[in-house]
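Common to both upcoming complexes is subunit A, partnered first by subunit B, then by subunit C.
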Partner chain A sequence: MATITIALMDPPYETETTTTAFRIIDAAVRKGHSVNVFAYEGAVNLTMADQAPHPDPVKGTSVEEQDHPTTKDWIAAMFKAADGRLDWVNCGLCVDERGAGNWIEGPRRGAPKDFVEWVEASDQTLVIPTK
Partner chain B sequence: MGKKVLNILETGYRATVEEQDDTILWLSSMFKGAGLDVTLLLRANAVNYAVRGQDASGLRFGELEVAHPPEIDRDVEALLEKGVAVHYVSDDAVQRGIADSELVEGVKPISKRDLPGLLDQFDQVWHW
Partner chain C sequence: MSKYLVIESRDPFDSADVQNLYELAGGLAEQADELTVFLVQNGVLPTRRGSAAAGQITALAQRVSVVADEFSLRERGIGRDALAEGVRVADVETLVDLLAEDGRKVLWH
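This part shows the complex of A and B:
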């Protein structure tokens, strides 16, 4: 099985690349690979524990009816599916300047040095930047 | 032996006032410091990063002044001093009316035609 490192930058709800990245991570862990995620800049907001779903006044749906997981829920689900094969680092300085330090169980605080160590140890690295 | 990495930076001036720098130039410096063999390629609007004499000072919101505006050209010089090779796509500079004489010393031009040869020298190519 392979080890893949992915760098993400986009915050939640701004671009389709987040969903694409989640698809890649999920597919990789389901196939038995190990995945490292380095969340840089706005991507540190993906794991914020205080994210909350909301009702939809346009559709007239309640929170329950919307049943709309936030990005932290998707990430928690991937941690569960990965069974120890997903490592997620939030870039610490990016966390500090965004006030994004209250995150779900699973991710940990880190730095570019962690990304470099992963790069050297991984079979492949994918950078998904922001535009 | 460690992996050789080419960082391609394309978007220029993305949140550089908020961050007081360019976050990919910053990351490249951190990578170098962590021991990664990293080279930088500036293309498209980011070729302007190598233009000497940029001045983003003087910005104020209410009574709060931006005390440390970004100094992108100096950050490029700092990368060169740190041993990071910095290339720029010469076609993109010409297209933007940027003359070689306007650029910081030490950045290396490369034509679009020659890019495949450059990319071939690296184990990893990351396009930011």
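This part shows the complex of A and C:
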């Protein structure tokens, strides 16, 4: 099994890239690989615990009917599926800038140094930049 | 043995630099032992046979492996029967298999 490091930079609900990255992470851990995620810049908001789904006032649907997914719930599900094979670091400086320190269980605070060490130790590194 | 994986997430009508990516892949094909261009998100749009860029995709597929993400195709209502010649369809598990291959160099655009 391989260890794959992925760097994310896009904030939640902005680009399709987040969905693609989540699909890759989910498929990798389900295949038995270990995955490291370095969340940089706006991506540190992906794990914010205070994210809440919303109703759709245009359609008149409730929160339950809308069943709106949040990125923190997706990530929590990936941690569960990974069973210890997902490591997630939020860039501390990026977190402080954005006041995004209240996150779900699983991610930890780190720095670009962690990313460098992961790159050196991993079998593969995928950097997904913002546009 | 040199192996490359080039992931293209943009379409050439939105991002002019996608042409550069196609050219890079074509150039790498001269030197690499194995090269896969994996198209995701709007990167799959030019795989439609009727697309103005379909000819380029087919030409690229004659030199390297060109794969379109099934999920991205389905989201955009592009059926397999509408694909340009040479384009293969695969799921994200295939992409993970390529990522996990020993020694393969990966580029995301």
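A few points about this structure:
As a convention for this text, the second predicted complex is superposed on the first by the 131 of 131 C-alpha atoms of A that agree within 3 Å, B and C clash if a C-alpha of one lies under 4 Å from a C-alpha of the other, contacts with A are read in each partner's own complex, and residues count from 1 in each chain.
Note that a contact is a pair of C-beta atoms (placed from the backbone, for glycine too) under 8 Å apart; a residue touches a chain by one contact, two chains touch by 3 or more.
Since this is a predicted model, take the numbers as computed values, not measurements.
With the C-alpha superposition on subunit A as described, subunit C and subunit B fit side by side in the combined arrangement. Which of subunit B and subunit C touches more residues of subunit A: that partner is C.
Once chain A of one complex is fitted onto chain A of the other, the partner contacts of A:Tyr40 are limited to subunit B, with no touch recorded for subunit C.
With both structures placed on the common chain, the touch criterion links A:Thr17 to subunit C but leaves subunit B unconnected.
Contact with both subunit B and subunit C is seen for A:Val127 once the two complexes are overlaid on the shared chain.
Using the contact criterion defined above for the overlaid structures, shared-chain residue A:Pro112 touches subunit B, although it does not reach subunit C. In the superposition on chain A, A:Ala27 contacts subunit C only, with no contact to subunit B. When the shared chain is aligned, no partner comes close enough to touch A:Gln51: not subunit B, not subunit C.
Closest CA pair between subunit B and subunit C after superposition: 6 Å apart. Residues 125, 127, 129, 131 of subunit A lie in contact with subunit B in one complex and with subunit C in the other.
Interface of subunit A with subunit C (complex): residues 1-2, 4, 16-17, 20, 23-24, 27-28, 31, 33, 123-129, 131. The residues of subunit A lying in touch with subunit B in their complex are 7, 40-41, 111-113, 115-117, 119-120, 125, 127, 129-131. Contact residues of subunit B toward subunit A in the complex are 2-3, 5, 11, 14, 23-24, 27, 30-31, 34-36, 124, 126-128. Chain contact summary for the complex, subunit C toward subunit A: residues 7, 9-10, 15, 40-42, 71, 92-93, 95-97, 99-100, 102, 104, 106, 108.
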